[in-house]
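Two complexes are shown next, each including chain A; its partner changes from chain B in the first to chain C in the second.
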Partner chain A sequence: MALDEIKIGGLGASRRRVEDNRFIRGKGNYVDDIVLPGMLHMELLRSPVAHARIKSIDVSKAYEIPGVRLVLTGEMMAARNLAWMPTLSYDTQAVLATDKVRFQGQEVAAVIADDPYIAKDACQAIVVEYEQLPVIVNPFQAMESGAEVIRDDKENQPGNKVFDWEIGDKAATDKAFAEADVVSKMELHYPRSHPSPMETCGSIADFNRATGKLTVYMTSQAPHIVRAAVAMVAELPEHMIRIVSPDLGGGFGNKVPIYPGYVISILASILTEVPVKWIEDKTGNLISTGFGRDVYLQGEMALRKDGKIMGMRMKTISDHGAFYADAQPSKFKIGLMHSAFACYDVPAAHLESVGYYTNKAPGGVAYRCSFRVTEAMFFQERMIHGAANDLGMDQAEFRRINLVKDDMFPYRTAFGFLTDSGQYGKCLDIGMKAIGYDTYKQEQEEARKRGKLLGIGISTMTEPLGAGNSREYDILGIKMFDSAELRVHMSGKAILRTGAMNQGQGHQTTWAQIVAHELGIPADDVTVEEGDTDTAPFGMGTYASRSTPVAGAAVAMVARKIRAKARKIAAHLLEVSEEDIEWELGRFYVRSNKERGVTIQDCAIAAYSNMPDGMEPGLENNAYYDPPNLTWPFAAYFVKVEVDAETGVWDVLKVVAVDDCGVRINPMIVEAQIMGGLTEAYAMASMQYQTYDDEGNCIGSNYMDYLLPTAWETPGFELHEVVTPCPHHPIGAKGVGECATVAGPAAFVNAVVDALGHLGVRNIDMPMMPNRVYEALTTGKDISGMPPVRMGD
Partner chain B sequence: MYPSRFGYESPKTVEEAVALLDAHGGEAKVLAGGQSLVPMLRLRFAAPEMLVDINGIDGLRYHRVDADGTIRIGALCRHEDLEEDDAVAKAVPTIAAAAPLVADPIVRTRGTFVGSVCHADPQGDWAATMTALGGHIVAQGPKGKRDIPIAEFVIGPFQNTLAFNEIAVEAVIPAPKGVRIGNYLKLERRVGDFATASVAVALDMVGDTVADAGIALAGVGGRTINANEAASALIGKKLTAENIASVAAAVAAVAEPRTDHRGSADYKRQIVKTFVERILTGLLNTSQKAA
Partner chain C sequence: MTSLYDEVQAAPGEGVPTRRVTIKVNGADRTVDVEPRLLLAHLLRQGLKLTGTHTGCDTSNCGACTILFEGRPIKSCTMLAVQADGHSIETVEGMATASELHPIQEGFKEEHGLQCGFCTPGMMMAAKALLDKNDNPTEDEVRWALSGNLCRCTGYQNIVKSVLWAAEKMRAESK
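Let's look at the complex of A and B:
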């Protein structure tokens, strides 16, 4: 009589997304949909130049425009000690510029007016006198001796270096290189990109002078962290701050940091005593908010002739923009870069990372990945490709030799991570079969004879998802646990709240499925709420694929607490002792007589009407979950391309993805996440990058210049699944939202490089725009670094 | 993205529209599909006093082939109207080939052929197509109508020769001398992108002899590139591998590409050459198959 788990929408049910009902009907509730009585509108004036001293700001003309209520400048912020704010990486960031502007698009002034049109007009009426300074647009300029010091606002900051950091065993690595048969080298660049969620950032700050309470509706992936930060900056206690993240139109890491606009809108509301709305425009979002990547690599591998990797060395040089504002909750300066090569058995490894300030937007957010894991895995898989070629070995075979074998788990990587589970070889086999690897070499040869350039690229990786255990991960000192609170109503229906923050992942759908799995309450009977710090339990939000590994685990744990109490109630109702009770999905029964039982719903009503003597009434609880380890999904991606030798245009013929993310809560949502990630991987490989000219002008300031692929050119994907449950997660799930963005790009690049391999080409850095591919194939030379932005010839 | 304040009028006739333009003495702009003008307003690159919306004027959304083979495209003919498999698309293969490559499907439901030619974007697809096809624009002003040959109409980047109080009411493409064939190839970074380089080719064929030839380029210069002179080497000849190669080289030579983040000048020239070759070779192959 146990319930059919799929029918009630439990684990494994491809339940339709509950949230889509309102989205497709235009009934979503985004920040910009919220209208409060008496609300004013804020627009920001941004710097048109990348580096300049501010000589003067004249706001008098702005005040002449009817409907302008307040104009804020850096000086006014400074008077309230708000001109600078802390970043998530323990640096400082200007809220409104006082002394200098340090990147194009930096916030210089804010106008608060009756409507946004007036505010925009008034921004244009503000006269700012700039004295231009030399501009630094990449880390190589930043490190030159005598380079202009960008952060002269900081004490003890003699040059432009942000950090110099290392990890790994240098001596052991040096030894591996000294003994190597072959050393394979690779210089790579992962270009800067912008997460570019459809919805830009925005906030409505509503300070109520009468109650003293500040409510902020805002676009945040981590509302609780925002509350903690606002409490620090604004010197208001937490119970006087309510942060509400309503529906979010995408985040991708872009909505983790705290931006000047939020802070200014808060001060504006405190000063005007009415709600102040700020909705960033697309250009503002693209040029000023958290970017991803922008890392250069010098990589080396020590190899034995038989194909075994003996050691690996990486040196990264990263560009952090004007403020070190990486979303970076680990103790490691360059995030989890040292998770590179975690899926391979590499005895010795060393990583050195140096970061620099430049006159570009700050950020370094985890754009659909765990902190720098995307760069790590891209570098890894490009190095692997290069090493196989240098050894004259087949790509797949080289991987097979070096992948961690099933019987080696738990496996400690050279950098100290503990991977715990996987079937890497099986995933590789499935992918090879699906892409037609057997016959491919022959096919490629024959195609070359016809003047066609075919290539197959492979990318395999495991990545650390779900930050993270409290030993190593914190934000502003707060450990990276997460939480869930579950209330079962009398009727057996329930409301669940978590400290995570949905922004497209489908939490409303999948959290209810975990409850259904643990309690047998149909998923449709469970309401899920997140994002309101007054009602949701404290949690660290959603990014870095941490929702399911951390908050999802908390959901399972709180449901188990509820079940434990319900068991006591069941014993009471069935008039037997608790030890004589068994559980099957949705129902307790007497061990000796399976017919005699009560449902979870029976227990729910009893919790309010017929509880055992001495038991506290009600059926609700909460759980805080501190994960024992990260989760380690595995992915094997295969891409087949054909390159047009006369134009450099490459077409994707086939994409095969094999993902092992452990137990899949909702297979449909998992597949959609993988397809979305592969789309972003294709985007990175082909077109999506953010670049600057020599003067620091951001080229990709709108969607005609910052290119996102559309459904038209995005290839189709063939998906395969392998399930190796996570040994430490309550329901065996691993993170998955980001695997494809992380491992995907290298598969595309490896494919194009493979197609040109016979011409001597070892590398084409992303974006592989046709002109770059054409140059590589006509010259046989590598194409490295950012596409230059030179105008005229 | 909030535009500056502007006035808005929606006249019911071309005469009223012209009168409004006249009254605002250069400070008014015609609003057709709005797919170029509205983005410029939002970015505050343009801040006209008055928008004269011609969408409410009846009788401007048409495109047809006259009995004598002349093609007429009205001011409100949308890009998507030319995409469908209709008489004009059949009569002018270059238009049929270009239509699905202009912008993206959403923009094509609003943007107009004539508006695009008026906009004279050096990367615009229709100005290049019209330049290859020849023909003229019918302009209507306070004193009535006049014809402006296309070569005298699109004169520079975002520059046409309409007077401030004139509206382009129609684009006219002359009847072909014989059978019209042609094609359009565009290199774009993704759907909805402007051309990195594109090539419009239109040939009028009498038997297997070229009676008239036009080639124009977009994206490879500070203006629409008129390569009709290079194309004229084909007139009176049959297409051959040799003259295709020499015309392709000659067309590439008149391109004026600049190096930018889409590619080097040389690369863009190479694309032009390849596209001219591919189009002409394709036309040669189909005509040989047909014969």
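Let's look at the complex of A and C:
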């Protein structure tokens, strides 16, 4: 009898999470929970100013404080060739400043002391003399002729430009615009946002002089990449470096880059020969680590009167901060921005992207998305909304006309991506029904008569998730594959290790479900481990929704290798030839006699005790998986709002999410990922953003200024499911963790703009704070750019 | 007696003042010598090795450090250890018995009320403060009671369901 897949915790089971057992008891093991004998504590001194030449640094007063063991400055790093390090975008980034500080919060010195309080005291005792320089806080200032050059450390640096890049067919696009009935234009800004996981970054570096081995416990979403980079930067042999990511208190892309604090703690441990712990405070995290977004768009669409999109042009101007440290593995300078409009049939498209340095924190991380995909899809859906209005067409109808139809797959987009599957129209229908779209126009009219402003916003998109393939995607030359290693013990229990790194997604639970699906070993019998480079197979880590598409595929593939060997063992045990054997979940049997069979557990013990002649003992293997393509989930989100005409406050009445992420491993976890993503979408639409005043002071440097929604503001969500399996993934799954963050923001903005549409308002840039909405509804004008910063009186 | 100095400062500076405090933690008296400026959250984590209480934001906004102080939820990152002298506090480590989880803990697992787990101890303590007073709250009452605690992963919906699940179980158990 085949096993009941749901009962053994296989695919489709909403299996309760294994990792919860420790978290609900307060027994998680985050980096700050780890205490090593003799450990010292490190604290960073950060620049209070955004742009200044360092005249002098005097650390003598810091050394007078009892308990201070070491003070590190840029000069001391430079003496060891560690003052600068490479970024993931082939730029350089200061570890500790030597010549200039280039953003507020930049690392200037580090104190290593007996306890964190002493280290903090000693930072205050360091005297730094700065000579202030002109400050640049947006790309428009950066591009002015004669603007102060921020990166004067680089040879041949043309002003403040980072890159100037284009893709698409310009001539065909120009032709589409020349022949268009209607041209719809939109200028947008996606404000700077910080992923802000609850846990900040931190590390404990432990260099053992006796063995020459360096162990670093750290908050990394990609420990193997860190090992490769540390080997490169610190010139230590790779086998003498062990990177361990313990439990991570969230990541969202913030914990992909390598930050100065990690590097400094490593040098500090080498110099002091004891473990050195660095735990960033929240302000340090918000003002210095990888931000997301901060991109301006000029978008245009060439439209035919009947609603068909004929062409699209985008020009993006992006703000990269002081160092080009975008965490992205593509050869495309602005990540996957050109995935915009991938769900629509657009014959001609052109994208031009220009990036600039500014005196702001470096980053440009993929904040809960593939690389720049959140910006791409936000711009897309705001442009779609504007175009439908410019044509006088219904929002849903305009989308339906232009969405790629089911029979058009595989579909090559104008920018060259290959989307492979989906039922876009079906998702749209389900969402429309759930939100009550049919009666909505009438409802909106009637509400307006009563002075109430109702709006519905739609956002539909497909996004590329799960980098690589290795032909196009790499980090520092390492191809974007992932890996899994499975050992089946003789009792049929197993341990699985992957190159991914959980940070709340529930890998311990879901990877075991894939093994259960492939081998019939109950999920409860499978231990999952990740994050230790000494034991886990080499993998590229977890971000950009790549775990299930890549590492998850590797798990299925390694399980199939195990099954192939087990089949040979089964044939031996059943005394028939391998060709006469059939498989059903958990069991091989003789084709001619279904009763005669052996379980996978029988094969496991036989692999150690009764293997066929000539067979290598044991039942373990590994798999490295290089995906043939990205996966392309589809999302259709509907948001209904009511705007208060007297205050500009908007309430969310209903959120409907229809997600097609292919086969769902654990529906409970998938749904929770979508709800979490929708909440971040709501956050960015309503309140969560970072800005800078004219002097480069970061506004949003703590949770009093950087607003995150609580349980009280956050709306409820209604979720729906469509399943179109991914044609190239071994179990048909697609990425999903980020769909809602990517497609969600436009749904909220479209809803509020729809509510104000009759007043002539075409756009309100995020964050849609009530005062901005109020200004739009009282003036009928668009609200663009960042909220003004009120300077101190 | 635990000496905090042994835990957090290997070689105390000359003349650093300390105060001796006794705090009832999860039902047991703990007596420690602390610097007057030591935060309660840091005493719990470093001195008493109760690392279930997390520090997230340092500004009492995120609630990861929420504990119960005389039964009321407080943010232990903004209370000095000396202020807790003579008082009774409860942390996440005190929720379960050796053999049994608290219904709130069960609820969080059952309704998938956590992802990365970092906010979870604080969330559960805030929920406990509510349910200890009101074992039949409405959804709005739960959302309001948790509004001092931030979560970046879940979107709160499952946290609310977890607390309501626990309330139902607590009501059933008290019958």
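FYI, the second predicted complex is superposed on the first by the 791 of 793 C-alpha atoms of A that agree within 3 Å, B and C clash if a C-alpha of one lies under 4 Å from a C-alpha of the other, contacts with A are read in each partner's own complex, and residues count from 1 in each chain.
In the analysis below, a residue touches a chain if its C-beta (ideal position, glycine included) is under 8 Å from a C-beta of that chain, and two chains touch if they have at least 3 such contacts.
Values in this document were obtained by computation on a predicted structure and should not be read as measured data.
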item: Chain B versus chain C as contact partner of A:117, first or second or both or neither; value: both
item: Chain B versus chain C as contact partner of A:37, first or second or both or neither; value: neither
item: Touching partner for A:199 - first (chain B), second (chain C), both, neither; value: second
item: Partner chain(s) touched by A:252 [first = chain B, second = chain C, both, neither]; value: second
item: First, second, both or neither for A:17, with chain B first and chain C second; value: second
item: Chain A residues touched - chain C or chain B, whichever exceeds; value: C
item: Partner chain(s) touched by A:281 [first = chain B, second = chain C, both, neither]; value: both
item: Touching partner for A:505 - first (chain B), second (chain C), both, neither; value: second
item: Contacts of A:710 with chain B and chain C, given as first, second, both or neither; value: both
item: Residues on chain A lying within both footprints (that of chain B and that of chain C); value: 117, 281-283, 702, 704, 708, 710, 712
item: Residue ranges of chain A in contact with chain C within the complex; value: 16-17, 19-28, 30, 32-33, 35, 38, 65-67, 114-115, 117-118, 196-200, 247-252, 281-283, 503-506, 668-669, 672, 675-680, 702-704, 708, 710-712, 714, 716-717
item: Chain A-touching residues of chain B, taken from the complex the two chains share; value: 1-5, 43-44, 104, 187, 189-194, 196, 258-265, 267, 270-271, 274
item: Parts of chain A lying in touch with chain B, wherever the complex brings them together; value: 43, 116-117, 120-121, 124, 281-283, 646-649, 686-687, 691, 699, 702, 704, 707-710, 712-713, 769-771, 774-775, 787-793
item: Chain A partner contacts - residues on chain C that touch it in the complex; value: 8-14, 16, 35, 37-38, 45-46, 50-59, 61-62, 64, 91-93, 95-96, 101, 105, 108-110, 112, 114-121, 124, 142-144, 146-160
